[in-house]
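Order of writing sets the labels: A, B and C. Residues in every chain begin at 1.
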Amino acid sequence: VEWNVSVWGKRREFTEHIEKIAELVEERSNGDFTMAISYGGLSNERENLDGISIGAFEMAQFCAGYHPDKNRAITVLELPLMGVETLEQEVAVARAIYAHPAVQDEMAQWNARLMMTSPMPQYNLVGTGEPRATVESLDGLRVRASGGIGELLAAEGAVPTSVTATEAYNAMESGVVDAVSFAQHAHLSFRTIDVADWWTENLNPGTVNCPVVVNIDAYEALSDENKAILEGAVDDAIQHYLDQYALLLEDWDNVLEEKEIEKVRFSDEELARLAEEAQPIHEAWIAEMTAQGLPGQELYDLARSSLAEAKAAGK
Amino acid sequence: MSTPSSVLADDSLLSRIDRSVFRFESLLNLLAGCVIFALVCLAVWNVVGRSVFNAPVPGFVDWTEQLMATFAFLGLAYAQREGAHIRMDIVVGRLSGRRLWAAEWLSVLFMLLMATALIYGTWFHFDRSFDVSKPLWSNDSTIDIGLPLWPSKLLIPFALAVLWLRLALQLWAYGRAFLRADPAPVAVPLIEDPAEQANKEAATVAGARVDRNG
Amino acid sequence: MDNLIDMKALLEGVDVFDMSLWLSGLLLILVVIGVRVAFAAAFIGFLGLCLFFMQKQGFDQGLVTAAKLVGQVPHSKTTSYALSLIPTFILIGYLAYYAGLTRYLFEAAKRWIGWTPGGMGVATVFATAGFAAVSGASVATSAVFARIAIPEMLKLGYDKRFAAGVVAAGGTLASLIPPSAILVIYAIIVEQSVGKLLLAGFLPGAVSAVIYAGLVMGLARLRPSLGPPVGGFTWKQRFQSLPGAAPILLVVLIIVLSISFGWATPTEAGALGAGVVLAMALWQGMRWRELKGALMEAAKLSVVIFAMIWGVLIYVRFLGFAKLPDHFADFIAGLPYSPYVVLMCILLVYVVLGMFMDAIGMLILTLPVTFPAVMALNGAVGGEAGALGMTTEECAIWFGIIVVKMAELCLITPPIGLNCFVVAGVAQDARMDISVQDVFRGASPFFVADVVTVIVLVAFPGIVLFLPNLL
């Protein structure tokens, strides 16, 4: 069996679990089950779910925030200021949400079965000029932040400014925006870090959720052995991803030091204030989902409780 | 700079249909042109709004991307009527009469087949993004401000359907020309004998008076 | 499965990679017999995907999957922000034409340098170079000058092939001299600074123009029958021609200043330029009838270019499934030669691909493969210079200019050369007796000039890097 796997961009930490799962599956099936990973050759990033749905390829990675209306239920994982601090917590919460029947049903409409998440760190801000360390200081800040994070910052008087990821560097360099919200690897690859003066270390405003899914028919067509091999490889692949990302995060600190970028810390009071401000956004999400017949409250509570559990377990 | 169409007309049914479809195609193409113009204005507004009032256009990138479908597709049939879609005429340029109409007919047939497949495919692409039971009927939305994608996706099978109609007309026209061995058929773009027209064009562009004696 | 034909059995053991080579040959045949290129490419891509999926899923299901997959490409590939610059840049071109900029520019160039051998050709080269500073699209530049320069040259008894060739080649300068749609596309694909790339294009664009002009003069000296010099202008007449051409400078200033002072991203600067040219056109007395004409033309040319983009990308999508790019990467990585030899090989591949592909399609197809390959060839680490004598960032910018020059080259090489098609198209529109083959013939000497330019830029990367390094 050969599966085609559609991802985008280039090979990076964000795709390491997919590379690893391909490697493990091939090894453990003695070459009977292989995966051909294509970086952008099979689909655009925003159409990966469409491709899965029509059976163009067997496995794909996508991000919920790229097209929220395609995947409403998992957008619970993208709500701003949920309090996620580490990638391990991110994995635990995503795993709980992915197991929920409502989430699986929604994915089944795309003929997709959730395999694993691609845990993304929090989209902390990188910015130019005076460091912003208080809620008040966010007022008037022109920021590139989409979805719930943009909504949250707008509630504090910031001005969400529409700029593509690839234009982010120019936009910051030329002053079109003052700050950009990305995960660390994106700050590095889109080079926003090169023009920055500060980075919000603990704002942790939220992140995007990027699952890896497989086509249900292709999955069902696998032999029991291969199914078991595939399922069994998930944990190892995620662990590999976490290890790789840990290296990147270590490097991140060095980069900050080298480029003399100030780490901005919000005080506990300021964070509590922000969390309060985020509450209406969360409630609006719950109401919207409920109105559409999705168990909004249940999903939200599940995200909260699984996060608490993960934290209690010291992750 | 709009040039007179080199499509002949008479009072046959074919030609009358051709001209009424052409009016519709022109309207669509003009609409596409107006959207290009609107996007220029939107971008200027975005820059001015941002630098003067610290109030950029919300979701500027999303709006731009969705509006792009208009000028990327609405003029498809218009361009085909005008014979503007790019092709190599090394071979067809040397043909004339029945052979030419047969070659043109075949070439249009290829396009019609492709357009048919594309209408089917783009319709389903639209259909996946559309769900009447959801808010704004949306089953797919943009990244920044969550605009529904279905209107711009619907535009594509629509534009292709108009193209399909145009291609069907051309198939009819070339087929008729072939059967009748017509030297100058109606309703299809013709490459006219150009020699003496060049001079006139040169003169008007240079801003001089037209010298009809060359 | 109740299949019409048992395609699974029929296609058993057929290698997709081989299939992709055969189908590419078939594409060439379709194009040569005159099927519109966008649809020929889409058709072959669709056919290839049909065979690919029928092999896996049988006839019926394979056909459905291929059609649905193909149906994704037009929307997903054309509604991309970076491409929104293209119609804007085309519109600037047409508006500038209405504002009289092109004619003033051409007139000024004629009066100042028309006396040289092949003077109208030289004037056309420098006028297109000047117009390149307000136009971001090569094709639009060629289209505009085909209307202005060719008729005038024909009137003066210039060889029609020569006249058409100068315009087709001159148009390619628009993509190096900012604003440039294709440089923006490159910057976006390889994630480099758009601003630096646009600056980097200035000097190579000027060098290109000078080499073109030298070529025109040389040809005209060798064969005076190509066209006579145009002399007899007084110094007074020459200076009188300048104010009309000055607005170009204003637009350039606005674009450069708004980028440098942070009023706008490069994308928006293009739109600002369009706004300024529009204001000038209105001031010159443009009314709704002319504006409507410009909008109709811009929309028509846009839809033609966008159709090329999605048509070619349907074909490219099939190549993606056939893994053609991967095979290419393996091939390049396995070459045991010096970096310059490998670089030359890559550039040769571009020449060959460029014969058949359009510039944008070619960049989108190849850069994911060639860019990392060239970065690896250079092999720079940190801020150190690599094997090609540049840091990683310098090399990325330099390669952008080289590769855009290569992509421009493909606009004037047969059998598929967009600029030549457009010049012939305008000629057809204007009832001039110039065929596509005439334009290709006329443009062929400029191919040699472009090769010289590329060699100069490879030998002296400083020409590319001087301006961006100031930033």
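Please note the rule applied: a contact is a pair of C-beta atoms (placed from the backbone, for glycine too) under 8 Å apart; a residue touches a chain by one contact, two chains touch by 3 or more.
Given the structure is predicted, the values throughout are model-derived calculations rather than measurements.
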Top-ranked pair of chains - ranking by C-beta pairs in contact: B-C
Centrality ranking, top chain (CA atoms only): C
Label of the chain whose CA centroid is most distant from the centroid of subunit A: B
Mean-CA-position distance for subunit C and subunit B (Å): 21
Separation of subunit A from subunit B, taking each centre as the mean of its C-alpha atoms, in whole Å: 40
Separation of subunit A from subunit C, taking each centre as the mean of its C-alpha atoms, in whole Å: 37
Junction residues of subunit A - those touching two or more other chains: 46, 50, 54, 163-164, 176
Numbers and ranges of subunit B residues touching at least 2 other chains: 46, 61, 124-125
Multi-chain contact sites of subunit C, meaning residues that touch two or more partners: 68-69, 72, 81, 263-264, 267
For the subunit C and subunit B complex, residues of the former touching the latter: 30-40, 42-43, 46, 67-72, 74-75, 78-81, 83-84, 87-88, 90-91, 94, 97-98, 103, 147-148, 150-152, 154-155, 258, 263-264, 267-268, 270-272, 274-275, 278, 292-304, 306-308, 310, 415-416, 418, 421-422, 424-425, 427-433, 435-437
Subunit C-facing residues of subunit B, complex: 1-3, 26, 29-30, 32-34, 36-37, 39-41, 43-44, 46-47, 51, 61, 64-66, 68-69, 71-76, 78-80, 82-93, 103-104, 106-107, 110-111, 113-115, 117-118, 120-125, 152-153, 156, 191-192, 194-203, 205-207
Subunit B-facing residues of subunit A, complex: 46, 50, 53-54, 65-70, 140, 142, 146-147, 150, 159-164, 176, 288, 291-292
Residue numbers on subunit C that touch subunit A, as the complex places them: 53, 57, 61, 64-65, 68-69, 72, 76-77, 81-82, 187-188, 191, 193-195, 259-267, 317, 319-321, 323, 325-326, 368, 372
Interfacial residue positions of subunit B with respect to subunit A in the complex: 46, 50, 54-62, 124-125, 128-129, 134-135, 138-144, 146, 148-149
